[in-house]
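The first chain written gets the first letter, and so on, giving A, B, C, D, E and F; residue counts start at 1 in each chain.
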Amino acid sequence: MTTARFDAGLAKLREIHGQYGPAVLDRLDDVAPDLKRWVIEFAFGEIYSRPQLDIKSRQIATLAALVCLHHSGLEIKAHIRGALNAGCTREHVVEVVLQMAIYAGFPAAISAMDSVRETFAELDAGVEKPQSAL
Amino acid sequence: MTTARFDAGLAKLREIHGQYGPAVLDRLDDVAPDLKRWVIEFAFGEIYSRPQLDIKSRQIATLAALVCLHHSGLEIKAHIRGALNAGCTREHVVEVVLQMAIYAGFPAAISAMDSVRETFAELDAGVEKPQSAL
Amino acid sequence: MTTARFDAGLAKLREIHGQYGPAVLDRLDDVAPDLKRWVIEFAFGEIYSRPQLDIKSRQIATLAALVCLHHSGLEIKAHIRGALNAGCTREHVVEVVLQMAIYAGFPAAISAMDSVRETFAELDAGVEKPQSAL
Amino acid sequence: MTTARFDAGLAKLREIHGQYGPAVLDRLDDVAPDLKRWVIEFAFGEIYSRPQLDIKSRQIATLAALVCLHHSGLEIKAHIRGALNAGCTREHVVEVVLQMAIYAGFPAAISAMDSVRETFAELDAGVEKPQSAL
Amino acid sequence: MTTARFDAGLAKLREIHGQYGPAVLDRLDDVAPDLKRWVIEFAFGEIYSRPQLDIKSRQIATLAALVCLHHSGLEIKAHIRGALNAGCTREHVVEVVLQMAIYAGFPAAISAMDSVRETFAELDAGVEKPQSAL
Amino acid sequence: MTTARFDAGLAKLREIHGQYGPAVLDRLDDVAPDLKRWVIEFAFGEIYSRPQLDIKSRQIATLAALVCLHHSGLEIKAHIRGALNAGCTREHVVEVVLQMAIYAGFPAAISAMDSVRETFAELDAGVEKPQSAL
């Protein structure tokens, strides 16, 4: 029994993050299923589904945001994959992170580059889902 | 006696922010002229001048960053103008700020929208440079 | 043509923030009406409407959050009024901000106390809505 | 040779965090024993001991703060236990973290939920002290 | 009826910030006198009074902290005066803020430089206390 | 084929961080060599090389910054070593981190103290380079 917003959100989530994309949220199932539902309904069903901005530009904005907010690990690695799925080249991803040295400082950019390198290596090895830094 | 990096940076700064763009940095002249020089040489001469990512995408990344870092006033207003100069529509600008509600929280997005509204009003009134919120 | 979530959210917003509470969001009408709608539908219609936690506790959590995120002015002043409406005494409000000295540092707590003092003065003067610091 | 503030603080720390609560601070013994002393004297002996706000409300404020400041691991896990000791249900804890999606953004709430889930599992398994994420 | 810690703190506060230094805290008198007391007892009476690090180095650390935490106005302007009182030259103050461009990003450093410039101008004009940006 | 700024930066980096200091940046070689170059040319070749402030004071400012920005692991551990190389005693390092409890909050100071303790232990064990927390 899902809503139209949920269904649209799940389709958008799969479009951006691939078949295994929603799996990143599965760890919410036990403790906070409503948070998972809101990510799908609100973030993907409402915001990412809006036609006013293309998905590639949205992923560029999100990558910049995650570097500035110091999010690392699964969170940024999932969105690096999303950016690549949305039409960014690897060079584009690196470039957005580089640019954040101006705004978030050099250590934030250097630290995010660890997630970039790990993601590229996982993709080269055919790993289907972003892996936790552990 | 400027360097090639400075000249390239100044040209890029004018390309993105217009004839009056560098004026935002003039307040550094007395107390920290080297900081002004580095913004031109490093931020604009090195990073914004790189061909690996188009300027429109760079301005989208910067807008997202400034919302997440809670920068307001002149700083974000200058980059809203920069985004428009780089080919973003007003709708694109609004959309990037909206999307940041997911990452930086609603109050950060709402607060940044004040700078968006003020900038649009200044542009409609033909004001040449971003005005301080005061 | 509003949704049930919107109507529930608007009722909850009025319950917490009073008759003039929604007015704080009116400045979004021109530039980002969807952001206003989401605040009402999502923040108030979904989260603040959940029965799992009482409104007084929610306002305490929000006050703590706003001090830690360095939000000031209208944003924190509206929620100080909200906390008082939800059953907090003025002493409770002061106490939550004081406690944040441990987590957000002393300057953040001192700065937030400016908004506390201004709000109490505005209420004593019978001012109906939180006033911008300007 | 302790002060009255220290003794009051240690009693309050044990009241909130249990018999093993102070153990989280033992890692400060070698390198910064004064920092441990201040946490006990100032944070617990002065602030948490004040009668102006009940401990349950204080723990709700602290949980909100830690999510917004992106503190994870031992720090937030100790305070989740503290909130439960202070009268919060597990549902209350989840709810405070959920609500922070509005203010700190979705990734911060999702990330904090990892600490919630781990803490509940550790409690179910009878683990006496919060465990490091490693 | 003050404590030894309070008296030591007040003396240290006056030593660093001058005769008018404590006045910055007077706005706390009505709404949160205990917060003012803790700043004096804890921050100045305990930490700034420790002999393990000289006051000039402490003020350099504090200036760096305030730029990184985006504190502005009275807070950073009081500590710029404090750094000068502690033996820093104006050039040292500028240099610490410049260096933060690496860590806190360029906009944070540029914004802090506004407070540096205003403080130097106020000192040149013989203004006894830091003035609010308003 | 390096520039004078690069050579000056590399010499300064080695002076502050020791023979193995540059190795911390080697992980950038594959994915973002330009970021490594900028750290050397800009951060070390331009800012740390300026004569206006001594290196010991610069390292104190940087330590304060890293605590406030919640950087941990390799980043802060490298700069703790840098501070010691620049003439700080271990007591000075501890003292700067302690002082940040006032500005960045107690949990940030406590968490940074983990990196202090690990670094001291690594130095006592003769470990040549800062080790990742893993």
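To be clear about the criterion, a contact is a pair of C-beta atoms (placed from the backbone, for glycine too) under 8 Å apart; a residue touches a chain by one contact, two chains touch by 3 or more.
Note that this is a predicted model, so its numbers are computed, not measured.
Shared contact partners of chain B and chain E, listed by label, are A, C, D, F. Of the two interfaces, B-F and C-F, the higher number of touching C-beta pairs belongs to C-F. When you average the Cα atoms of each chain and compare centres, the chain farthest from chain D turns out to be B. Chain centres here are C-alpha means, and the one lying farthest from chain F is C. Both chain C and chain E derive from one sequence, and where they touch, under half of the residue numbers involved are common to the two copies. Taking the mean of the C-alpha atoms as each chain's centre, chain D and chain F sit 30 Å apart. Looking at chain E, one finds that residues 38, 42-43, 66, 69-70, 94, 98, 101-107, 134 touch two or more other chains.
Per the touch definition, chain E reaches chain A in the complex via residues 102-107.
Interface residues of chain E, counted against chain D in their complex, comprise 38, 42, 46. Interface residues of chain B, counted against chain A in their complex, comprise 42-43, 47-48, 50, 52-53, 56-58, 60-69, 91-92, 94-96, 98-104. Of all the residues in chain E, the ones that touch chain B in their complex are 70, 94, 97-98, 101, 105-111, 113-114, 116-117, 120, 133-134. Residues 25, 27-28, 30-32, 34-35, 38-39, 43, 66, 69-71, 75, 134 of chain B touch chain E in their complex.
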